[in-house]
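Dumping the structure here so I can ask a few things about it.
Order of writing sets the labels: A, B and C. Residues in every chain begin at 1.
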Amino acid sequence: MQAVLNTSAAPSAPARKGKGAGFLLLSPAVFILLVWSIVPLVMTLWYSLQNYNLVDPTLHGFAGINNYWYLLTDPDFLQSLLNTLLLVAGVLVISVGGGTLLAVLYDQDFFGRGIARVLVISPFFVMPTVSALLWKNLMLHPIYGVYSAMMRAVGLTPIDWLSQYPLATVMMIVSWEWLPFAVLILLTAVQSLDGEQKEAARMDGAGPIARFRYIILPHLSRAISVVVMIETIYLLTIFAEISVTTAGGPGVASSNLAFLIYSRALLQFDVGGASAGGVIAIVIANIVAAFLVRAVARNLEV
Amino acid sequence: MSRLTQALCLAGLTALSCGSALSTAHAAGTLTIATVNNGDMIIMRQLSSAFEKAHPDIHLNWVTLEENVLRQRVTTDIATGAGQFDVMTIGNYEVPIWAKQKWLAEVTPDAAYDMSDILPSVREGLMNDGKIYALPFYAESVMTYYRKDLFQKAGLSMPESPTYDQIRQFADKITDKENQVYGICLRGKPGWGENMAYVTSLANTFGAQWFDMSWKPALNSDAWKNALNWYVSAMKADGPPGATSNGFNENLALFASGHCGMWIDSTVAGGLLFDPKQSQVADKVGFTAVPKGTYGKGPTWLWSWNLAIPASSKHRADAETFITWATSKEYVKLVAEKKRWVAVPAGTRASTYANPDYQKAAPFASFVLNAIKTADPSGPTAQPRPYIGAQFVGIPQFQGIGTQVGQTVAATLSGQMSVEQALTSAQASVGRTMRQSGHGQ
Amino acid sequence: MAFKVNCGKQIAVTLLGWGVALWVFFPIFWMFLTGFKSEVQAVSTPPQLFFKPTLSSYAEVFERANYWHFTINTVLVSVIATGVALALAVPAAYSMAFMPSKRTRSTLLWMLSTRMLPSVGVLVPIYLLARNAHLLDTVLGLAIVDMLTNLPIVIWMLFTFFREVPAPILEAGRMDGASRWQEMTMVLLPLALPGIASTALLSLILCWNEAFWSLNLTSSNAAPLTAFIASFSSPEGLFFGKLSAASTLAVAPILVFGWFSQKQLVRGLTFGAVK
């Protein structure tokens, strides 16, 4: 800290001296995250090579790659991997696409706009378990659900959403939770767009679509990156919504990787198997992250 | 210093004080009880103030959770010896398995408890090496509920011991989809304790079973095929929409709100369906035995919720005092007094069934008693079997394989798979899991 | 003519704006409504919009569970986790934003990747660690885990905000003889306050709604609202009324808090889009 107080240093000095201080400031967070990620990771790696079942202690010892082999050769593994990616991609498309349109909509001035906005962002504050229960029981239930009643009222047969379109329905419920988040961020970005810029474009004879395409969208790219980044992090490990609504089924139609690990290993308290699943999931998450981060990070100037 | 820094310091201090305050909160004499959010347990919790009054030095601390969450919590806790709970509510599936691991403390109630009053089939499920490791809170078997008014309207009468063929014919006749009346409601929600409880019991009576004597899965048999074909075709023709999300509770709600013509499920539903406060069809419910399939014999269904004490508990004596109280004759009387006779925990004590007040309040009483007595979890299936359990398989792996096969069965119900495909896939996946866990290697 | 077109457009925008808003909000509204129905009313077909309200579901929920105990735990966990996360993240983000090194980028990415570990895969290791540290069923234990799961995002958000603060302003402060500490607390924090506030709000919301760890690491003393919901999610018998009442109770505080703070939340979430 003493060195930092030396204010008469040449302009290039702070950067050089900054190194020590920067490390000092960064280290608590890095250290704690390192502990947080390394300790469980090492334990997980260790367990993943062991026969370790909580409810069957007779089975123990070194398992080699058995646990990995068991999960990777599971015929449902690929399906759940695909579901994971579909779920992330689907929700991203819906929330970013819908969010952009809604952001433009709520940027317009109309009667009661403030209240309408508050209503739209509300689902983001609802806990995932509650929103899943809410949709499953009160909205989409094929007999008591409001949506089913509406369909019957117009003479249609209610759709049994969770068994006919399980993955799409889970996607829809998750989108309902995350669309408001996208609206929140994108709306802020739209509002920050200079009114004069828009006006100028209108004077130049640009139609609404052209204005959206050439003025608003580029302006939003950074906010969109933020949405994609944060949502992906959460969507990769979605668990509560699936376990409440479909329990991954029917079959494995709505199982993602997190849920498959749960149902194959953790349900029978097979710590070895669950650990192997955890390691596989980390590897996959990092591959996804690497692609995503490279695409998004450019926008974020990281 | 900014306000933010102050706030952070405050937060840090709060954190420390909370941490220390809460870690010492388990004062001597406080029992932490983990239980399921079922009706009978809610009543136990309400009435437990009477226990605390009688034992002023014991304080009760309740953790009430949904069944699946509870099971995961208590299993993790007991298997890691974390010792957060002094009393656990567990099924007769867990008791023998956990007792064998020496995770449970032996229970030795005194003579006043009258162990011989506990129904033998229920008691046997809680023993390991001749010792008792849990006390039964309530027990259930299976029966067929039906709507007398709908049967009358269709000119049908329910036999005392129906066959599955008859059930199907009745279901076809009373289904009225226009008015959202579905001939038959059965469990479809995937899970070893949900759809597979029913499907296993169904399979037994069709002559099917989970494993042969060498622990080879026996799921691709013709008997399984017949059982599942009956199930899927009956549910497709006469079942309610959304059957793959219907477990016990959902079906109870459907039947109680008048949407089901017949329902084959746990005997505990009787107490709820005959209660006008919870059921719109209380005066129209009839009941009969669980239907018979082509084999006609085999174990039917026996489940009990029991109170057990983990070996890691530091308050074993107090915990035993509590579980003896909660499963005693006096407790049954207390519920009858404070609530109603129909609400007393069922299926555990012969004295309850001998009570004329209970017989009057619960028209199904003697019927349920008989169903529990004859459920026979260790009885023979069509072929000899290496496991015990009526509607489950008493091995640690069953939670996993039961749920996985449950998913496959649900996929046939929703039409994503044929019965043949489902059984082939179930056979393979159960084989995989058994190999993975060291059986049949 | 122009007026007519504008007027028509205005009506269309108003209708659309309100239509979408009501549609999105409807499930929450319905949950609120169902909480005031009796169990039998709650499953009537077709569903009733108008009915005689009753407090019976709420009465039963309050009788079955000590709501305030769960709420206080949730508040404590969220506040502590957010507070500690900020205390760790501010210096880290400051360092990365103003003293970047070659490894800053990869450090940041690595931090974010720790968040992608599925909790189910590490339940047992974490449970064992918490048991050995005597942190099971303590507010502190849950707060630590929540803090750690959110820390990467908090750091990353703060980093983005800090980068928007023009370096010359900080340098000017330094010229006046400010230490690093003063530079951070006196110059940077006030400038980045909206960003810090929205980061804190986001972290509070995420902690409030976290379900997996809160269910697995607590039992009674530190059980938060997600555990409260788990005791109502599928009880025996009809349960829509009780479920709705309990859900309304669990969601209401954070929802109302969100409504009041949304302006604040939004103000900071520009992510430097304003230029």
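What we mean here is this: a contact is a pair of C-beta atoms (placed from the backbone, for glycine too) under 8 Å apart; a residue touches a chain by one contact, two chains touch by 3 or more.
Quantities reported herein were computed from a predicted structural model and do not represent experimental measurements.
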For this session: Assign the assembly's chain-to-chain touch graph to one of these shapes: line, ring, star, complete, other.
Result: complete
Problem set entry | Chain pair, A-B or A-C, that carries the greater number of C-beta contacts | A-C
For this session: Report the inter-chain centroid distance for subunit A and subunit B in whole angstrom, where each centroid is the mean of the CA atoms.
Result: 36
Exercise. If you average the CA atoms of subunit A and of subunit C, how far apart do the two points sit, in angstrom?
Worked result: 14
Problem set entry | Of all residues in subunit C, the ones touching two or more other chains | 43-45, 123-124, 128, 230, 233, 240
Problem set entry | Residues of subunit A engaged with two or more neighbouring chains | 54, 143, 266
Seminar exercise, completed: Touching two or more other chains in subunit B are residues 72, 76, 80, 180
Exercise. What residues of subunit B sit close enough to touch subunit C in their complex?
Worked result: 1-2, 4-5, 7-8, 10-12, 14-16, 18-19, 22-23, 25-26, 32, 34, 37-39, 42, 45-46, 61-67, 69, 72-73, 76-77, 80-82, 84-85, 180, 247-249, 252-253, 256-257, 268, 272, 278, 280
Exercise. What residues of subunit A sit close enough to touch subunit B in their complex?
Worked result: 51, 53-57, 59, 66, 70, 74-75, 136, 141-143, 158, 160, 162-164, 245-253, 263-270, 273
Exercise. Can you list the subunit C residues touching subunit B in their complex?
Worked result: 39-40, 43-45, 63-65, 76, 79-80, 82-84, 86-87, 123-124, 127-128, 131, 134-141, 143, 185-186, 189-190, 196, 215-216, 219-223, 227, 230-240
For this session: Would you pull the subunit A residues touching subunit C in the complex into a rising list?
Result: 1, 4-5, 7, 14-15, 18-19, 21-26, 28-30, 32-33, 36-37, 39-41, 43-44, 47, 54, 102, 105-106, 108, 110-113, 115-131, 133-135, 137-139, 143-146, 149, 152-153, 176, 179-180, 184-185, 187-189, 192, 219-220, 222-223, 226, 229-230, 233, 236-237, 239-240, 244, 257-259, 261-262, 266, 271, 274-275, 277-279, 281-282, 285-286, 288-289, 293, 297, 300-302
Exercise. Which residues of subunit B touch subunit A in their complex?
Worked result: 72, 75-76, 79-80, 97-98, 101, 180, 189-191, 240-245, 254, 259, 396-397, 399-401, 403-404, 407-408, 410-411, 413-414, 416-417, 425, 428-429, 432-433, 436-438
